[in-house]
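Each of the next two complexes has chain A plus one more chain, namely chain B in the first and chain C in the second.
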Partner chain A sequence: MQWLNAVIQGILLGGLYALLAAGLSLMFGVMRIVNLAHGVLAIVAAYIGFVFVNNLGVPWYLAIIIVIPIMAVVGYALQWGLFNRALTKGGLAPLLVAFGLAVVLTQLLQEIFTADNRRIDTGTLATDSIQVTDTIYLGLLPVMTFVVAVLVIAGLQLFLNHTPLGRAMRAASDDPDTVKLMGIDNRQVYALSTALALATVGLAGLFIGMKTQFSPTYGDLVLIFAFEAVIIGGLGSLWGTLAGGMVLGIAQAVGAQINPSYGLLIGNLVFLAILAFRPQGLFPKAVTT
Partner chain B sequence: MSIATGENAPTGVKVKRATRSSWAGLVVLVPILVFLAMAPYVLDRGLQQQLVTLFALIVMATMWNLLAGYGGMVSVGQQAYIGIGAYGLIYLAETLGINPFISVPIAIVIAGLISIPISFLAFRLVGGYFAIGTWVIAEVVKQITMQIDALGAGSGLSLTVLNELSPGRRIAYVYWLGLIAVVLAVGVTYFIMRSRLGLGFTAIRDDATAASSLGVRVTRSRRIVFVVSAVGCALAGAVIAMNTLRITPESIYSVNLAAFMIFMVIIGGLGTIEGPIVGAIVFFALQQWLSELGTWYLVIIGVLAIVITLFLPRGIWGLISGNGKIRLFPVGYRVVSPWTARRGLGEKEPEGA
Partner chain C sequence: MTLLSITSIDVHYGDFQAIYSLDLHVDEGETLAVIGANGAGKSTLLKTIAGLLRPTSGDIVFDGLNISATPPYRRVPLGIALTPEGRKIFPSLTVEENLKVGAHVKRPGPWTLAAIYDAFPLVADRRHRLGVNLSGGEQQATAIARALMSNPRLLLLDEVSLGLAPVVVEQIYDTLPAITGQGTTVLIVEQDVNLAMKFADRVQCLLEGKSVLEGVPADLTRDQIATAYFGI
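On to the complex of A and B.
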């Protein structure tokens, strides 16, 4: 029964990983930037949430409503201030700038908040659970995270497929030069994409901060989990990423059930096995670019 | 790939490699090397140990540049090999009782062998995903190390056998090892870039598809530098372990080491041999100068690296050398036609050589 429990916890965890990965995929999809600062930006959001909830006494649900637009503005500013410039330099510049940003933000968090572990205070939410059978309990927070993650991914998919801005993002991804000819400023499209990506990663970061202890360097793990979910699921498909996140979550939860120190290692080994034997991922998009 | 030289070249056209500046560079470099080799007789021990730290940084930067600057592969996981080199050396010397200075070449060969299967995994990914993939692999290497009790699990290992030497001798020997590591790293990079392989890389960098159609074996070339870079990073790791005498998994596999490598190369200048050396010296100086600021030094260096990427993509060496006019290590090709030679215009180089 404890194994079934581990699998269920893993599936719920997968929703969070997919939510983290959605922003990473979006930025890569639209402008071919692999944002190495993605993980630490989630942790930045967690710290902002921490300040609002633990220091200022704002309820956690209000903090979510405050932090998401803050992160969107941060994303918009980062794109205009850094990434759009880096894109014009071409070559390795966007990747190197993103890496530099990741290191700088991690060190700044270290400097401001120290390396101590923190957690966003959600009162009883963190411990409340729903009893399914005699031995299986579902934590309220993980279930809520999972449901929100699935809704956000579905919303993102609808947004990209059915709105003018979503179309512009896909068009900018396919052919930035032609998009310019159509009278669309692709830099503005990029900035809005990054704003959207950081809104989702901000939400994910808040869930992380409520669920677990975090410290400035936790962003490294977050980036790695998001990336592994993307690769396991297969590039280019948000639903594939959700499945990839679940596979990773199950591997980690089952690994931790075997031995608490094996969780991360087994998750990483499953990722490497997929890379070795099924590099296109489990659910690759039918048409690859 | 062949370059027109000698008899098959058009009449009167010659290809030169060394420039006046590279001969001048040789005149400067040789005395510096001789001085550095004599340093244990002149400098005090603390200074020697600091120089060994600088040597390890130069080796790391040179190896990262070989991957990214020439091979176009941004790795955030070279700390895996730094750790393997350091752990390998201490394990061979302490547990198996092999002379530590003989353990170093064995340990770095082991690191090179391990990097071959890893390359097959990592090469499934390209660009930014390659970067994160190498990072994951480095994490896995760290996590596996921490599961092995013979390697000290989570607490690390100490190198005690060197204490059989007197401190003066020990520090001098490690110093010379570090200096040899620098000469080897820079020398091997120079040799690779002057060889057919290096010419292939120049072609790959400009257009991988076109290079491939001309017979450059892109994946094989990349794999060679991936393995060479792993061996070089392992050498840096062995030097670090010899210098500090104690390693922990958290420090020797730290992703901060990847950050150091990347920042040094960006600051010095990507894709040149001189750049990483200059970058390592600047980084080392900043580290010493800003050491009182705690972790702020990495913030300052990180911001500097971002600014340089955006506004000075050829780095400090690009600035000093006038975007490549001065070359201490001539790896390019220069076509000298009799007409330009007569007019004294022979110093022009083909773009991107």
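On to the complex of A and C.
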């Protein structure tokens, strides 16, 4: 029963990882940008949520509604201000810009909020749970996070497949020059992609901030989990990313069941095993271009 | 009426000059064929008209508007569409999705999905197939259809016949009257001189980035064309 419980908790945790990873996957998919600032941007959202909830007394669910558009605007501005320029330089420029951004944001958070651990106050939400059997309890927050993650990923996939902007994003990913010949400004498509990516990672950041203690450097760990979920699932597929998040979550939860200190270790080992034996990931994109 | 008027443009790739002081015009409703040997600058000319390249000097005037500095994505709403060399179909999109991306700028006009499927049976048959899985002829037909989806006033076609079997080339050229019949002006780049002479109202020949001959097919002799084409 403990093992079943571990797997279930792992699946729920995997939802959060997938939500974290979706934006990373989207930015790489559309622009081939490896956004090394992805993790710290999640934490930036957590701090903004912290200010609204803990300092200004805004209820957590309202904070979510406020922080998501803020992060989207931040993403839009970052793309026009930094990444679109970096992309014209080609090569390593976007990667270096993202790395620089991560360093600067982390320092900025240290400066403003100090290195102390924080947590977004959600009252009893963090401890409430649903009893399933005598021994299995599901935390309300993890369940909520999981449901939201699945909805967001399904929504993103529908958006990419069936809307004009989603189509433009996939077309720009295939061939940014030809997209211009269709009357589409690829830089604008990129800016909207990054806005979308940061909206989702902002949401993930808020859930992290409600679930655990975080500090300015917590973004490093978040970035690693997001990367692992993307790679395990296979690049370019959001459903793959969801599966990748779950595999990582299950590995960590089962590892922790063996020995509480093994959680991260087992997660990383599973990631390395996938990298070694199935480098294309579990569910790679059908079309390789 | 002159729809497109180009006056003494120079076009460079870095230090390399590909087009020298070129003049060209296309009248509304006519079909102009630009011919020339490999490397003459034909694709460069079309990319410059579409806006992917900017002339280093000279002017491009479209429907009375100087568009020399207009980015490519703003030229589409004005009514310029290019079917690029190499077709450039989006490989991970289906044929129908390719067409819908082509219709991103919704200019009013006769070309809708239904009209396209009517005029291009080959495209209709393959509508659910991914771009990556198309044959050369299917790609070419899709590329032309995709350009038409923006209902252009000026359609630029680059090397429609390249690498295609003669039957397929014929099939594709057979759709031209349906396009020009809608009043669309066509500027076509073609290496096959006979095809160009057959379908165009006027031809212009480029040689090493310069315009060396221009006229109505009936007025031009084989020798004149051979000389202009090869520069001998």
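Everything below uses one rule, namely that the second predicted complex is superposed on the first by the 289 of 289 C-alpha atoms of A that agree within 3 Å, B and C clash if a C-alpha of one lies under 4 Å from a C-alpha of the other, contacts with A are read in each partner's own complex, and residues count from 1 in each chain.
By our rule, a residue touches a chain if its C-beta (ideal position, glycine included) is under 8 Å from a C-beta of that chain, and two chains touch if they have at least 3 such contacts.
These numbers were taken from a predicted model, which means no experiment stands behind them.
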{"item": "Fit or clash - chain C, chain B, common chain A", "value": "fit"}
{"item": "Touching partner for A:Leu181 - first (chain B), second (chain C), both, neither", "value": "second"}
{"item": "Touched partner set for A:Ala168, first chain B, second chain C, both or neither", "value": "second"}
{"item": "Partner chain in contact with A:Gln157 - chain B first, chain C second, else both or neither", "value": "neither"}
{"item": "Touching partner for A:Val104 - first (chain B), second (chain C), both, neither", "value": "first"}
{"item": "Contacts of A:Thr212 with chain B and chain C, given as first, second, both or neither", "value": "neither"}
{"item": "Chain B versus chain C as contact partner of A:Leu36, first or second or both or neither", "value": "first"}
{"item": "Which partner, chain B or chain C, touches more chain A residues", "value": "B"}
{"item": "Shortest span in Å between Cα atoms of chain B and of chain C, once chain A is used as the common reference", "value": "13"}
{"item": "Contacting residues of chain A [partner chain C, same complex]", "value": "164, 167-168, 170-171, 173-175, 177-186, 285, 287, 289"}
{"item": "Touch list for chain A against partner chain B, complex", "value": "28, 32-34, 36, 82, 85-86, 89, 91-93, 95-101, 103-104, 107-108, 110-111, 220, 223-224, 227-228, 231, 261, 264-265, 268-269, 271-272, 275-276, 279"}
{"item": "Chain A-touching residues of chain B, taken from the complex the two chains share", "value": "68, 72, 74, 76, 120-121, 124-125, 127-129, 131-133, 135-137, 139-140, 143-144, 146-147, 255-256, 259, 262-263, 266, 270, 294-296, 298-299, 302-303, 305-306, 309-310, 313"}
{"item": "Complex interface listing, chain C residues touching chain A", "value": "50-52, 71-74, 76-77, 81-82, 84, 88, 90-93, 97-98, 100-102, 104-105, 130-132, 146-147, 150"}
